[in-house]
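Next up: the structures, one after another.
Shared between the two complexes below is chain A, which pairs with chain B and chain C, respectively.
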Partner chain A sequence: MSAKRSFGRFFTENAVVIIFLLITVLAVKPSGLSLTYIIQEMLTRLGRNSFLVLALLLPIYAGMGLNFGMTLGAMAGQIGLIFAINWNIMGVPGIAFAALIGTPISIFMGWVCGVVLNKAKGREMVTGYILAYFINGIYQFVVLYLMGSIIPIRSPAILLSRGYGIRNTLNLDGVRQSLDNLLMLKGGPFSLPLATYLVIGVLCLFVIWFKKTKLGQDMRAVGHNMAVADMAGIPVDRTRIIAIIISTVLASYGQIIFLQNMGNVATYNAHDQTSFFAVAAILVGGASVKKATIPNVFIGVVLLHLLFVVSPRAGQNLFDSAMIGEFFRQFIGYGVIALSLVLYAWRSRKEALRAREGLRGLAVGATGVAGVAKAPAGGGAGGKAT
Partner chain B sequence: MHNVRQLVADFGWPRIIIFIFLVLLFVGAPIVRVRIDSSLADVLNRFGQNGLFVLAMVPMVQSGCGLNFGLSIGIIAGLLGATLSVQLGLHGFLGFFGALLFSIPFAVLFGWLYGKLLNKVKGEEMTIAMYVGFAGVMFMCIMWIILPYTNPTMIWGYAGKGLRTTITVEGYWLRILNDFLAVRIGEFFVFPTGLLLFVALLCSLLWVFMKTKTGTAMTAVGSNPDYARAAGISIDRMRTISVIISTMLGAAGILVYEQSFGFIQLYTAPLAMPLSAVAAILIGGASVNKASMVNVMVGAFLFQGLLTMTPSVINSALQTDMSEVLRIIISNGMILYALTRKLKVAT
Partner chain C sequence: MSGTATDPRTFARRLIVHAVLLAAAVGLAALFFVTGKGHTLLIDNKDAEDGSVQAIDGVMVSVDRQEALELYRGDRDKAVVKGQAHTISIEVIADGTKIRKKIRLPIGREMLLLSVPKLAAGLEPSVVPFVPAQVVVSQEEGAGESSAFTSPGGTPETTIVPPGDAPPPEAPSP
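== the complex of A and B ==
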C-alpha cells in the first residue's frame, strides 16, 4: 500500500519528465540519426540554450512563477546586436559591446516588468506573457520605424531599401560563433565550445552564490509567503522587482549567446519563441512553477532538444511527412507546459484541501476534547473521519 | 463634478482614449480621402464577423473562470464542422447550418473536457487555458494532415491528401448570412442584415439564458463562490456549463467568420484569434470577473472600428503601414490594463 502510494507520488511528481523521456526514446530509433550526430547536436544546443533557461531560475525562487517576460530581455539583447553590427564591431568585442548596450535597456525593461507584475500578483504568468506581446509592439515600432529615421543608423546595409527600419533578417557574420570558437575543444568527432560552457558555468556559480546572500534569502522568503516576508520586514515589492530585473538582464545575455551561435537574426521574430522554448525546457527538466534547480535546466535542455532534433526526421520516416514532426514537436512543447501547469495547480489545490481538512480535524478534536473530556478518542476519530 | 469623475473612473481612461481616437479617425478620414461610407460598411461587417468570439467570453467570465484564452478549442470544433460540411458538399443555408450542426457535438464534448480540466485548476485558469488552446491547435495541425478528407477543393492537389492551409467556401456557403436581406445604400455601403441578425439572435439567446435559473446560478458562482455553495449550487457543474457554452459560441463564431471572410483557415490560424476577442471585450469595459452584453457590443465595435480605420486612415496620412504595430500595442495594452487593475470586489 505504502509502496504503491510512494510510487504513485513519484510518478505524479515526475510525470512530465517520465512521459517526455518515453516519447523521446521511442522517437530516436525511427529518426535514423546516428548517435554521434545526436551527441554533437546536444553539445551545441546545450551551449546555445542553457544560459536562456538559467535566466528563469530567480523569478521562480521569488515565487513569481515562470518568467514569460524574459522575452523583454531577449529584445534588449537583439537591440544590442543591431548596434554591434551597425558600428561593425567584430568578434568577442562585438558580443561584449552588444551586452553592454543590452544591459541598461534590459534593466529598464526588467524594472517595467517587475512593476507591472507587482500590480498583478497571483496572475504573474499570464500578465508576463501579455506584457511580452505588448513590448513586442513597441520593439517593432522602434526597430521598424524609428531606427534609421530618428535613431541614427550608420550602416545602410542593415536598413530596409525604403531608408529606415531594420531588415527582416540580419547577418551576424562579424560575431558569428565568435564566443563558441574562442576555445573550441576538439576530441574525436566531437567539438565542444568551451568558452560558452565557461560562461554558463560562471552563471551557475553566480546563482548558487546569490541564493546564499541576504537578498537571495529574502527572495526565497518572499517566494514562500509574501505576507510573512512582509511582516519580517522584507521589502516584498522591491525584492520581486530585483528578481525580475536580474532575470531580464540574464535573458538579454542569453539571447546574445543564442544568436551568435545561430549566426543570423530574424529581427522581428527571433524573440517570439524565446520564452516558449526556455519555459518548456525547464519544465521538461522536472521543474515546477514553484521549484527549480540548476540540474532541471540541463536535463530539460537535453531532453527537449533531443526531441526537437529527432522528431522532424521521425515524422518524415514514420508518416512520410516532415510537417507532422514539426507540428508534433510544437504540440509536445505546448502540451508539456500545459500539463505541468495543470499538475502543479492540481497538486497545490489538493495540498490546500488536505491542510484545511487537517485544521478541521484539529478543530473537531479540540471541541471533542473540550466538550466531552472523558472521550478524547472519539474526538480523534471524528477528526480522522472528516 | 464628482459624478463626472466617477463616470470617468468607471469607464476607464484607456477606453475613453480609444473612443476619442476612433472618433478622430472618422473625422480625419475624409481629409485623407478615405470614404466614410465604405469604412462604415467595413466596420459593420467586421463587427458581425468577430462579434460571436467576443460574446463567447461572457459565460466564462461570469462563472469566475476568467477570460477564455483557450477559445481556440471552440474554434477547432467549428473548423471540424465546417470541413465536414464542405466534405459532404452541402450548399447554401443547408451548408452553413449543417456545419453548425456538425460542430455542436464536438464543441459540447471539447467544452466538457476543457471545463473538467479547468475545474481542477481553479485560480490558474487563464495561463493554463492559453497553453491548452495552443496544444489543441498544434494537435489539430497533425490531424488536418492525417484525417481522411477527400473533397478535392479541400486537399492538396499534388499530394492527394492532407487539408490545404486555406479552403475557399465559395460555391458552398460564401457570405450566406451577409447577403441575406442585405440592404445596399449608395455605391459603397451595404448593410449586412442577415449577419447582424444572426449575431443579435445569439446575443439575445445568451442574455435570456443568463436570466434563467441556471444563468443566475452561474453568475452567483462567479461573484461569490462561498455564497453559491451555501445556496446549494454545484460550483463545478455551473463552471462546466459555462465553458461548454463558451466553446459552442466559439464554434459558431468561426463559422460566421468564415462565411463572411470567404475562407476556412486551418493549421496555426486559430492561435492568435482568442487574444483579439479577449482584447475586444476588455475594451468594451469588461473586467476579468465581470462582463455584460453592453461590454460585448461596445468592445466589438470599438476594437473592430480601430482595426478597420487605423490602416486606411493612418496609412493614407503617413504613407506607411503602421497598422500592425498599432494593433499589437493597443490590443495587448488593453489586456495588460485589465490584468493589472485591482479587483474592486477584492479590495
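== the complex of A and C ==
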C-alpha cells in the first residue's frame, strides 16, 4: 500500500519529466537519426541554451515564479549585438562588447520589470508575459525608427535602404560561434564548445554561491513567505527587484550566447520565443513554479531539445510530412507549460487540503490552547497574532 | 554601524564605487573596441600608380595565420582581420623569397588597400584607405524611391509649358 502510494507520489511529482521522456524515447527510433548525430546536437544545444534557462532560477528562488519578463533582457542583448555589428567589432571582444552595452539596458529593464511585478504580487508570471509585449513595442520603436535617425548607425549593411531602422535579419558573421570556437574540444566524432561550457559552469557556481550569501538567503526567505520575511526585517520589494534585475541581465548574456551560436538574428522577433522555450525547458526538467534546481536546467534542456531534434524527422518518417513534427514541437512546448502549471495548481490544492485535514485531526486530538496555538503556524504571520 | 543611505560617508563611498564601475565599463568597452575592431584588407598586386614599383608575377600572401592567398600580376583579393597590428607574410613563387612585415591599421577605417609590391619593396605608404566608387543616383532615380505616392503633396508637380513658349522640335537624328 505504502509502496503504491509512494510510487503515485513520485509519478505526480515527476509527471512532466516522465511523460516527456516517454514521448521523446518513442520518437527517437522513427526519426532514424544516428546516436552520434543526436549526442552532438545535444552538446551544441546545451551550450547554446543553458545560460538562458539558468537565468530563470533566481526569480523562482524569490517566489516570483517563472520570469517571462526575461524577454526584456533578450532585447537588451540584441541591442548590444546591433551596436557590435554596427561598429564591426568581431570575435570574443564583439560578444563582450555586446554584453557590456546590454548590461545597463538590461539593468534598467529589470528594474522596470521588478517594480511592475511588485505591484502585481501573486500574478507575476502573467504580468511579466504581458509586460514583455509592452516593452516589445518600445523595442520595435527604438530599433525601427530611432536607430539610424536619432541613434547613429553608420553601417549600411544593417540599415534599411530608407536610411533609418534596422534590417529584419542581421548577419552575425563577425561574432558567429566565436565563443564556441574559442576552445573547441574535439574527441572522435564529437566537438565540445569548452569555452561556452566554462561560462555556463561559472554561472552555475555563481548561483550556488549566491544562494549562500545574505541576499540569497533573503531571496529564499521572501520566496518562502513574504509576510514572514517582511516581519523579519527583509526588504521584500527590494529583494524581489534585485532577483529580477539579475535574471534580466543574465537573460541578456544568454541571448548573446544563443545568437552567436546561431550566427544571425531576426531583429524583430528573435526575442519573442526566448522566455517561452526557456520556461518550457526548465519545466520539462522537473522544476515547478516554486522550486527549481541547477540539474532541472540541464535535464530540461537535453529533453526538450532531444524532442526538437527528433520530432521533425519522426514526423517526416511516420506521416511523410516534416510539418507534423514541427506541429508536434510547438504542441509539446505549450503543452508542457500548461501541464506543469495545471499539475502545480492541482498539487498545491491537494497539499492545502492535506494540511487542512491534518489541522482538523490535530484539533480533534488536542484540546483548547494547543489546537489554537498550532493552527496558525502554517499560515505564516498569523501565528504571532494569536 | 554600516551606515545608512543618508550618511554622507556611505553616500560618498557608493558614489566612488559607482564611478569606478562606470570607468571600468567604459575602459573595457574601449579595449574591446580596439582589440575587436574588424577591417577588410584588400590585398592588391598591381603596379603602383606613380610607377615606383611593379606588380610581382606570382606571390603567396598570408595575413597573420590565415590561409595564404595566391596572387598574380594585377590580382586583388581580400582578408578580414581583427585588431590593429598584423603580420603579412609574402612568398614570391618564382624564387621562393620570403618577406615578413608588420603593419598597423588605422582604427577608424574599415576598408583598407594593401599594396603587396610596395610592402615587399619597403615603400610607404603600403596601406591606404580604400574608398569604393560611388554610384551616383540621379535626381529622377531618387524620386522614384521616395514615398511620394503615400505622403500628401509628395508628388512632384509637372510644369506645363505653353505651346508658344515651347522650344522648336529638334530635327530627328539619323
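One rule holds in what follows: the second predicted complex is superposed on the first by the 363 of 386 C-alpha atoms of A that agree within 3 Å, B and C clash if a C-alpha of one lies under 4 Å from a C-alpha of the other, contacts with A are read in each partner's own complex, and residues count from 1 in each chain.
Note that a residue touches a chain if its C-beta (ideal position, glycine included) is under 8 Å from a C-beta of that chain, and two chains touch if they have at least 3 such contacts.
Bear in mind the structure is a predicted one, so any value in this text is a computation, not a measurement.
Chemist: Looking at chain A, does chain C or chain B touch more of its residues?
Modeler: Of chain B and chain C, B contacts more residues of chain A.
Chemist: Given the touch rule stated above, what does A:Phe328 touch, chain B (first), chain C (second), both, or neither?
Modeler: In the superposition, A:Phe328 touches chain B alone.
Chemist: With both complexes superposed on chain A, which partner does A:Leu22 reach: first (chain B), second (chain C), both or neither?
Modeler: Neither partner.
Chemist: Contact-wise, after the overlay, does A:Val202 reach chain B, chain C, both or neither (first, second, both, neither)?
Modeler: Neither partner.
Chemist: After the superposition on A, what does A:Gly94 contact: first (chain B), second (chain C), both or neither?
Modeler: In the superposed model, A:Gly94 contacts chain C only, not chain B.
Chemist: Taking the superposition as given, does A:Arg123 touch the first partner, chain B, the second, chain C, both, or neither?
Modeler: First partner only, chain B.
Chemist: Check the residue A:Gly174 against both partner chains and state whether it touches chain B (first), chain C (second), both, or neither.
Modeler: Only chain C; A:Gly174 stays clear of chain B.
Chemist: Mind working out whether A:Met184 is in touch with chain B, chain C, both or neither, as first, second, both or neither?
Modeler: neither
Chemist: Which of the residues in chain A end up touching chain B in this complex?
Modeler: 116, 119-120, 122-123, 125-127, 129-131, 133-134, 136-138, 140-141, 144-145, 319, 321, 323-324, 327-328, 330-331, 334-335, 337-338, 341-342, 344-346, 349
Chemist: Which part of chain C faces chain A closely enough to touch in the complex?
Modeler: Residues 25, 28-29, 31-33, 35-39, 80, 82, 110, 145 of chain C touch chain A in their complex.
Chemist: Write out the stretch or stretches of chain B touching chain A in their complex.
Modeler: Interface residues on chain B, with respect to chain A: 69, 117, 120-124, 126-128, 130-132, 134-135, 138-139, 141-142, 145-146, 162, 275, 320, 322, 324-326, 328-329, 332-333, 335-336, 339-342.
Chemist: Within the complex, which stretch of chain A touches chain C?
Modeler: 87-94, 96-97, 100-101, 103-104, 161, 174
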